[in-house]
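Shared between the two complexes below is subunit A, which pairs with subunit B and subunit C, respectively.
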Partner chain A sequence: MLEIKNVTKRYNMKKALDNVSLSIPQGELVGLFGENGAGKTTLMKCILGYTSYTGSITLDGERISHKNIGRIAFATSEHSFFPNLSPNGHAEFYASQFATFNRRRFDVLMDFFELPRGRAAKRLSTGQKNQFEVVLALSQGADYILMDEPFSGNDIFNREDFYKVLLGILGERETVLLSTHLIEEVSSFIGRAVLIHKGQITGDVSMSDLEDSGEGLVDYVKRAWNYRADRIARAIDELGEDS
Partner chain B sequence: MKKHFSVFLLMARYMLWPALIVTALGAGASVFMLSRELEKMGYMQSTLLDGAVFSFYGGLALLYILLLLPMRGQGGVHPRYTLRRLGVSELTSYIWQAAASAMALFIYTAGQAAALAGYSLYLQSADGSLAGNMTAIVLLYSSGISHGIMPLSDWPVYFQLIAELFALGCGAAYFSFKSRTGKIAVSPFVLLAAAVFSMAMYTDVGDYIHVGLFTGFSLFISALFIYGVYYRSNNFDEEDADFSGGVSREG
Partner chain C sequence: MKDKLQRFFPPGIDARSEFVYFCSVLLAQAFIQAAGFFISYSSAKSAMYITLYNGRRVEDPDAVFESFSAMLGAGRWMLVLAGAYFAYLLVKLVSYHYLGGSRAAYTMRRLPRRGEYLIRCGSVPLAGLIASQIVWRTLTLLSGLIYVNATPEKWLPAGSWESVIRIITH
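== the complex of A and B ==
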């Protein structure tokens, strides 16, 4: 269980996370949704201990340190790997660092994305770098896989295929926390949706509950964020008055 | 142990080729400089090997600059987050990078020592009018550079050399560590200048006060770098500020 309790993070005077509490048991596919600057990335960085915060984050009751951080994988969309090392070199290095590294899954996903194996990682295209980061995160053998906008730069066909592969390969105890703007696209793949707005958790719902209520995920998100549909008409009206 | 060794190999693989290439070029340049120095002198003087001073320090500076480059972001790829979530701590990764850099510098100094010793032995054996039986020993002991990197039986100087190489390794790895946070560290360059100054000072055989001072200073500097990495990898607020954009400079 990944337990986040009363986590607050400030950048200077601004609160990036405000008293966030969240429990994520193993085996869930969780969508983390929020506007730009809502605190999604900051929350993931706090989980990994990349930034300071107040409150507590534990993994099965233990503080996260380099001793248990191997249980968490991270696809950042910032291309966090070694520039001059090839994908195959990364696989060997990861295998030496993470006893759970899944070479078979790595090979299958590399073939799926048709990624070159011998080229230095810095020479991959932007889309390939994103894909490679996801491949590494999924192959690490981690219990918790954090993905922060992992599909930017990939076309919709690639993304849809990937969701299907993701559902097919994930083990029962593997958990994915997926941060993305593509709410509609992932709504049929996730089991739970967590909404974050201005650093606060504003919604947390299981997809089955949502389905029972008859409300779609996008409508739920709009309601939780007090989305004002009339603002478009108002803006157009105002522009019309000016001209 | 496998985790540690793989981190060391990861660091060392970027440093081996630069070290071998600069070592070969530096050794060739030193032999060339010495042959020109001998021509200028007309006859062999005890300070002949000091003629390789520019090639030695030039090669050292070049290799040091090359050692600053690995493990920083390149081509839109940034290893920072991965290095912070390995099975070994960020500080441990840093120490392995420092050790790999020190080994690269050691390869370079060993190449230079071999070039100086080889040239001295060549002179001793090649031309009887230029040299006698003790020529090589006299040359190696009487030159500041050769005594600093190959002190023969003056063994305490080896401690000074190893301490200086490790301090330089720590400096190079520190530059890399800071560049991963978007900053440029100036202190490794100051250290390089200090190391050149230290190595350039001739140490009389048996002058162990000098040896002790420079060894102690090098160890102190290494400890400061290691503490700097330890402190920064456990205090993130400063690192957070880096994401405000741009590259800043600090010590």
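== the complex of A and C ==
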């Protein structure tokens, strides 16, 4: 269980995260939704210990440190691979660092995405870099896989391929926390949706509960964010009156 | 050998060529320091003589033999340059984790092996700084031994050996 309790993060005087609490048990596929600057990336960086915060984040009751950090993988749109190292070189490096590294999954995913293995990672196309980033995160053998906008720059076909692969390969104990703007696209395969708005958790719902209620994920998100659909019509009306 | 070396460099950095640069800097430092001392020492010895109208060289009674410290100019410069190179290497290895369209620092900072990031960025530049200090002090000691033992005693400035020791231990 990944447990986030009362986490607050400030950048100077501005609160990027405001008293965030969240529990993520193993085996869930969780979508983390929020507008730009809502705090999604900051939350992931707090989990990984990249930035300081107040509050506590634990993994099965233990603070996250070098002892258990190997249980968490991270794929980010900023990328985290070694630019001069080839994919095969990455596989060797990961195998030397992470005892749980799954070479077979790495090979299968590399073949699936048809990624070149011998070329330096910086020479891959933008879409291939994103795919490679995800391949590494999924092959690390981690229990928790954090993905921060992993598909920015990939086309819809690529993304659909990825969703199918993700559903097909994830083990029972593997958990994915997926931060994305693509609410509609991921709504069919996530099990739970967490909404973050201005650094606060504003919604947390399981997809089965949502289904039972008859409300779609997009409508739920709009409601949670107090999205005013009439504001567009009003703006157009005002513009019409002016002209 | 390459694998062992690679453990002290970030993944993707060519350890062998970096090691060649590392050795070249230290060799250049040693060569220039030694050559600089021998050139200074030879010219200081020559300056102790004057050449008469008939071509004979005789000792100049007014000449003063150059101090040991003044003969180490090239060595001092090379110590500074080697230090600057190893500082540059540190910056290069750290910045590699932030450039090239990726933040590999994210990966390095979440490795289970504590200190891996530090070892792969800091150990070679630190070893270089230590090695350049060893080169400087060893060659200064050897140069000092030559200075004290190969120079006629009447030319030696007072406290020459103490000056050698002071420079080495400073």
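The rule is short, and it goes like this: the second predicted complex is superposed on the first by the 240 of 243 C-alpha atoms of A that agree within 3 Å, B and C clash if a C-alpha of one lies under 4 Å from a C-alpha of the other, contacts with A are read in each partner's own complex, and residues count from 1 in each chain.
We take it that a contact is a pair of C-beta atoms (placed from the backbone, for glycine too) under 8 Å apart; a residue touches a chain by one contact, two chains touch by 3 or more.
Everything quoted here is computed from the prediction, not taken from an experiment.
Aligning the two structures on subunit A places subunit B and subunit C in clashing positions. Residue contacts after overlaying the shared chain place A:Ile69 against subunit B and subunit C alike.
By the document's definition of touching, neither partner reaches A:Ser21: not subunit B, not subunit C. Look at A:Ser188: by the touch rule set out above, it reaches neither subunit B nor subunit C. In the superposed pair of complexes, A:Thr51 makes contact with subunit B only, with no contact to subunit C. With the complexes overlaid on chain A C-alpha atoms, the stretch of subunit B that clashes with subunit C is 202-210, out of 130-138, 202-210 or 238-246. In the superposition on the C-alpha atoms of chain A, the part of subunit A touched by subunit B in one complex and by subunit C in the other spans residues 48-50, 66, 69-70, 72, 74, 76, 78-85, 93, 97-98, 121-122, 129.
The touching residues of subunit A, counted against subunit B in their complex, run 11, 48-52, 66, 69-70, 72, 74, 76, 78-85, 93, 96-98, 121-123, 126, 129.
Every residue of subunit B that touches subunit A in the complex is listed here, in rising order: 2-3, 5-7, 10, 14, 70-71, 73-82, 84-90, 235-237, 239-240. Across the complex, subunit C is touched by residues 48-50, 66-67, 69-70, 72, 74, 76, 78-85, 89-90, 93, 97-98, 120-122, 129 of subunit A. The touching residues of subunit C, when paired with subunit A in their complex, are 10-14, 96, 99-107, 109-114, 116.
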